[in-house]
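Next come two complexes built around chain A: one with chain B, the other with chain C.
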Partner chain A sequence: MQKRVWLFRAGFILAMLLIAGRLFRIQILQHDSWIAKAEEMHIVQSKIPATRGEIYMLENDEPVAVVLNQSSWTVVIDPQTANPEKTEKIVGELVKEQMVAKWSDIFANRNLRYYVAARNVTRDVAKKIREEELTGVYLIEGNSRVYPEGETGSTMLGFVNAEGEGQYGIEGALNEELAGKDGLLKTVTDVNNVALSIGDDNVRVPAEDGKNIVLTVDRGLERKIENGIRDYLKEKSATHASALVMDPRTGRVLAMATVPTYDATNYARVEDGSVYVNPVTEVAYEPASICKTFAFAAAIEEGKMTPETTYYNPGYFTIDSQKIENAYKGQLGEITMQTALNYSLNTGSMTALMLLGGSTQEITAKARETLYNYYYERFGLGKYTGIELYESPGTLVGPHDEVYGLNAFYANMTFGQNLQLSMIQVAAAFSSVVNGGNYYRPTIVAGEVTKDGEFVRSEQEGPVRRTISEETSATMRRMLYGTRNSRRLYGIDKTGYYIGGKTGTAQTIIDGAYSFDETVASYIGYGGTEGELPEYVIMVKIWEKGQKIEGEKDAMPLFDKLSNLTIDYLKIRPKGV
Partner chain B sequence: MGLTFGLMAAGLIVIYAIGPQRANFMNSLYGTDFSSNYFFLHQLVAVVVAVAAFAAGYVLPYATYRKYAKIMMLGAIILNAFLGLLAAMHGWQSWGIVKCELGACRWLNLGPLGFQPAEALKLALIFYLPSLVMKHKKEGTLGKKEFFIPYVIVMGLSLLFSVVLQKDMGTGVVIGAIGIAILWMSGIEWWKFVGVLLLVLVGGILMIISSPHRMERLMTYSGEGDSDASYHIDNAMLAIGTGGMFGVGIGNSVQATGYLPESINDSVFAVMGETFGFVGLMVVLAAFMLLLFSLIKTAENVEQEYALVVTGVMAWIGAHVVVNVAAMVGLIPLTGITLPLLSYGGTSMMFSAFALGLAMQISRLTGRETEPIERRQTWKEVSKRRMERSRA
Partner chain C sequence: MRNQYASRYASYGRNQNIVRHSSRTLGTITVSLTLVLIVVLLALIYVTQGAKATGYDYDISRVDSEIAELQAQKEDLAVEQARLTSVVASENSEVAASMENASVAGYAQE
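Moving on, here comes the complex of A and B:
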């Protein structure tokens, strides 16, 4: 009998107890925390990227793509394993424009494993790089935007940044619709991240691709307007100008052009980031005398005046002990309101404001309230229009705001100063003045192109509200026609068309004070077949740092040019044809 | 016997469950072309071979092995020396029939079967050490230097081969366990036994310190290392931990899909933990305990020489189980040895099964043999007599 075996029995029992205790701890007590750890390790969540929607403009009422997607490649270098000389020689030779890093930077830290050397590399170049079979050089496929129209409309369209997010313009404002929704793949994977069929927590949410958005903008008109501005600026000292062409009968934007443009493919190369900003919707400024249109329309609508109403023009009024002068020094004495508008006399629009309050001598609270009601509530000035783009709401002082010299403020507002408005606000309000009194929400989206290539139009919205009566609107058309033609000699516009408009010149506000050496010029007008409602409204704006740009001298000729281009392009027939 | 085959069958089931994932993983990682049944079929072959080995161990009379114990020991030592020599000549790189992994040369490639010469060492010790003890006991020199000189030489060489040359601490522990267990059962004075034990412990510590590879594993165990070994243990414990009470079920092990290294060989216990849970592991451990206790009971009741052989088998299997399982649950550092009868791999299973077959044979002798062992028949004599009888 072997007695010493007790030691083995004791040893194994001890070992098994230890092991069993340990197992109990791991499997029962710590079970939940191990499960959590396992999920962290086993479950991979990956994005199923959604395809970004494309952007179309219209041409002959059919969608034409102006922003497309194409496959492109990103060149990534592993500085630790790549050969600096060989890589730079071969890749540098093939990829020039698309480099986003300097070679010296790429290889500055050889401990790094990942350095993006180039983006938006084309299929051909990617193929050549791949054929070189370089160590530590990788190609990652992705999507990039292509712009078959070049720089046309860049300020309106915006761009997509390196992270795939839309920035500025349509790309930015409608990013959510264009981007779609990335899908989600949540799955248990093996150690190489290959999905397994184990487990019941696997999730697969397919990606929702972005919408293909069709703009109301006409591709041909957009290009013509943009080139028209560019040609015009060649003769001028100014380098910045914007133009907006709208259909006053629907609120649809037909063209929205700003010069200078930029290359959205290489958006990062612009010298001045301000070119990204769309001056038509995102910049509020003082449109100046253009606003007389709204002050006069309000007074006529209120029955306080007609174009023939007369007043005494002393060349200036003193309000809140401020002397507010006319820019034009003539036409003193008893004159009509039409004359006041023709010569853009500030005393005329201030008289209209006084008339709104039932006085001819002073600006009453009622005058302020009524003007504010028209500007803000009816014409939608100083607030968002609701166009599908980034907007500035602008500013408008209320009729009872506690500001120093409130009446002087309101006097200024009648000729478009002491308020901040965007071009789109002014153009939408002006459209209602000339179209019979209906305010339409300005819009730039015509619909979408479905995955099957079908163009589905957005429903045309009806007018949001009435601003003025049809009669007042007709009167305003006549007044604006008179103003345009009194200053331009009859016959400047082609016969058979009825075109009216108003200038505006405002001192630029620099650091909160009006500048004496810099002005911004605007012109807004409508046009169409004589005897019919206007078919287009065009607003232009020209500006340049440190220069006095004037409405009549600089902005009006640009309008003339673009107006004629529009008539030709839209094939608007003259009266009797 | 039932226990042995039951454990082998359980191993087969696990391999069947995770084999396809393993094949998939290997194929995707190394571009190999294992079919999904590859591992299962191989294990099936290994089980068949192991059953044959068990039968052989059971049928061939112990007296035969006893006769050739010295020669077997010598052969095993020469075989291991040969492996070491070939490996050393080629800078510890795989070459010809020598197969090395990470600088550890443990395998001889013999046709389709990889063979670990260290297994031969274990088996030879089981025969040699009991005969050495019995010889010196008879001569009254047990516990004297006449006994210790050959004992230390054989054990020293075996440990040198396994631990130093083949860098296999796990096998070293098993060989050490066999040697120590047999020494204990030889009946020498306890203080001599404790002295040897201390000597072995000191030697073991020196070996650990002398090897950066083992040092690292120890650091990993103490929580300071950050290496493959730490990754291995973390994932083993993760597998066991996610198993919970009843496991995730057959074929649902995620850890076996590549997270857990050696999922079908050394880490099979962890995969079983994930698959069958706490309850399943308790059943497996209970089976091993029953197996070990039946070996101990046999050793308790047979004559001393038999008892020493069975003790060797028991130490062999027991050390494998304890060292493997304790490492998987993070109780001791990882050494990389198989779980007997369950792990994928032919050599280990074949030798374990053979040893168990032998123990089975001995257990059946209990109380029935009266003749002194020296006079019992070898296989040759038995068959000779049978042939004579059949002629007659």
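Moving on, here comes the complex of A and C:
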């Protein structure tokens, strides 16, 4: 009896020791490992997504939303378990517009378990699908961008891709500000996945929502300009055009439109990806004779010429063994610089360059240096303007660069060839030429809308630098007015307004040489009440592959149309009213 | 023996405040039961409070869901409002379709 009791006790103690040993192993030696496993089971760590900021335009100086967020659902099909006929009949009918795949493709391989059938499905439709309780049909909630203005301003606004990253336009360039910062939630949950407040490791870092950005762009004007371009192009062989409307007194962009546009909601359906690129800021090109404005302004500012200064126009100059001709073959002989600008004579702008170097016969190093100083340092051509969008800096050859035929290069630069500039660079520089000589950084951001719905305006920046004097600016306004009105073959301006401008027809380089078979047409002009500083600057550009498009014949009439439209929209009063 | 009692009574006689106590201690079982009872009571309090906290957590979760739902509805309404007041919607409206283009803008002379 005693022996059995002893054996029982010994067995009991041994069992206790084994359990204690096992507990020691689990609780002490493998402590961290088991804690990690336990936490994995009942602690949920998830991202608190930041709400992407909305984008607003202005209307009557008040912000109106043009890009918003909305919950949306993605319909996913499990081809292995879903009933093809029933699913297609019910789901297909409900998400006809949002389908991203064909039903025949979805059920082509029944071994697949996951096939995205539709995206951007609305709440109501998602609810109807859920109520059907279809086998093999799943709904994944997400967030999508909504564009109540349709395709208006799409090239300027950009889009948000499936990963939630802004691409192109404002969405891309200001992605960091719009995206905000995701938060973190780490919490103990129960079997129902409900977050519990017990536990020492709960962490909740709130998300920082993205900024609601307000653009300087006027919604109504943007739409009118875009429609104006679209209507105009119906009469032309070209299908591509851009227009920029700026306030030359502040550098604020009032409209930035490009046709063709695209549907940002279905950006992936775009066949030609080039429509994503904003031609106003991202594409540098040769703006051609528009640049004569800058060469003439430089020469006048330097006191080397006036509009009445005369020179002998032989129809061409030979520089660095290159014969550089006028596009217009008339007005030969002794003519004024005003006439040269009116007829856009290359010999006139080349003469202005020569005058900058103190000569009338040759292009000196001083002439190149002075022109470069004006172009690059003062007018900001060939470098970033600082606008809140993706930009191309363009190219500008330096006055001492080792380039074959440097003088010929500079001669070409006076009439806008052999350099690459963006429309925004040209428009900002032109604004300074006509606004009294002040260069303003072009801007497209007017401020932000706070979470409380308050519109907080960005501080209005002053002029960055002076490019030319007020006197030179006034002279240039007169010259540009004279040029426009001496060549009003197609344009019709309203009375009481003072509108001036300059054409540009750029040859394109085909097989390494400039060709007139494909040209890009531009026009830049200013407008406002007669006797007052200009209230708007408009630059237009039209292009089409393989087409000969001219500044005077094609771009100027578009400017006329948009200029009149802007006067009406902005309610600019004529002189004396 | 007599002297012994005599001295005891004598001491009572000297100090009338002295009282006699009989020792009454709790038994082992009673102590154990009391301890168990206290532990059970404390455990019950802990469980009750824990359940109460979990109940609040469910409330919080439900309110969070309601907030999210209302937020989503607000977003939907904002989108609907933006669509209805958009320039595109105005252009395509029946009112706009029945309007004529104005070619000349008149200004009153001062």
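Please note the rule applied: the second predicted complex is superposed on the first by the 477 of 577 C-alpha atoms of A that agree within 3 Å, B and C clash if a C-alpha of one lies under 4 Å from a C-alpha of the other, contacts with A are read in each partner's own complex, and residues count from 1 in each chain.
Simple rule for what comes next: contacts are C-beta pairs under 8 Å (C-beta built on N, C-alpha and C of every residue); 3 or more make two chains touch, one makes a residue touch a chain.
Please read these numbers as outputs of a predicted model, since none were measured by experiment.
Shared-chain residue A:260: touches no atom of chain B or chain C. Of the two partners chain B and chain C, more residues of chain A are touched by B.
Look at A:398: by the touch rule set out above, it reaches neither chain B nor chain C.
Of the two partner chains placed by the overlay, only chain C lies in contact with A:220; chain B stays clear of it. Touch criterion met: A:18 reaches chain B, while chain C stays clear of it.
Once the two complexes are laid over each other on the shared chain, residue contacts for A:68 go to chain C alone; chain B is not touched. In the superposition on chain A, A:9 makes contact with chain B only, while chain C stays out of contact range.
Residues 190, 194, 196, 198 of chain A lie at the contact with chain B in one complex and at the contact with chain C in the other. Contact residues on chain C toward chain A in their complex (touch as defined above): 50, 53-54, 56-58, 60-61, 72, 75-76, 78-79, 82-83, 85-89, 91, 105, 107-110.
Within the complex formed with chain C, the chain A residues making contact are 64-66, 68-71, 123, 146, 148-150, 152, 190, 194-198, 219-220, 223, 568, 573-574, 576-577.
Within the complex, the chain A residues that touch chain B are 1-2, 4-5, 7-9, 12, 15-16, 18-20, 22-24, 26-28, 30-31, 33-35, 37-38, 41-42, 188, 190-192, 194, 196, 198-199.
Taken together, the chain B residues at the contact with chain A in this complex read 21, 24-25, 28-29, 181, 184-185, 187, 237-238, 240-245, 251-255, 257-259, 273, 277-278, 281-282, 285, 289, 292-293, 296, 299-302, 304, 307, 311, 314, 318, 322, 325-326, 329-331.
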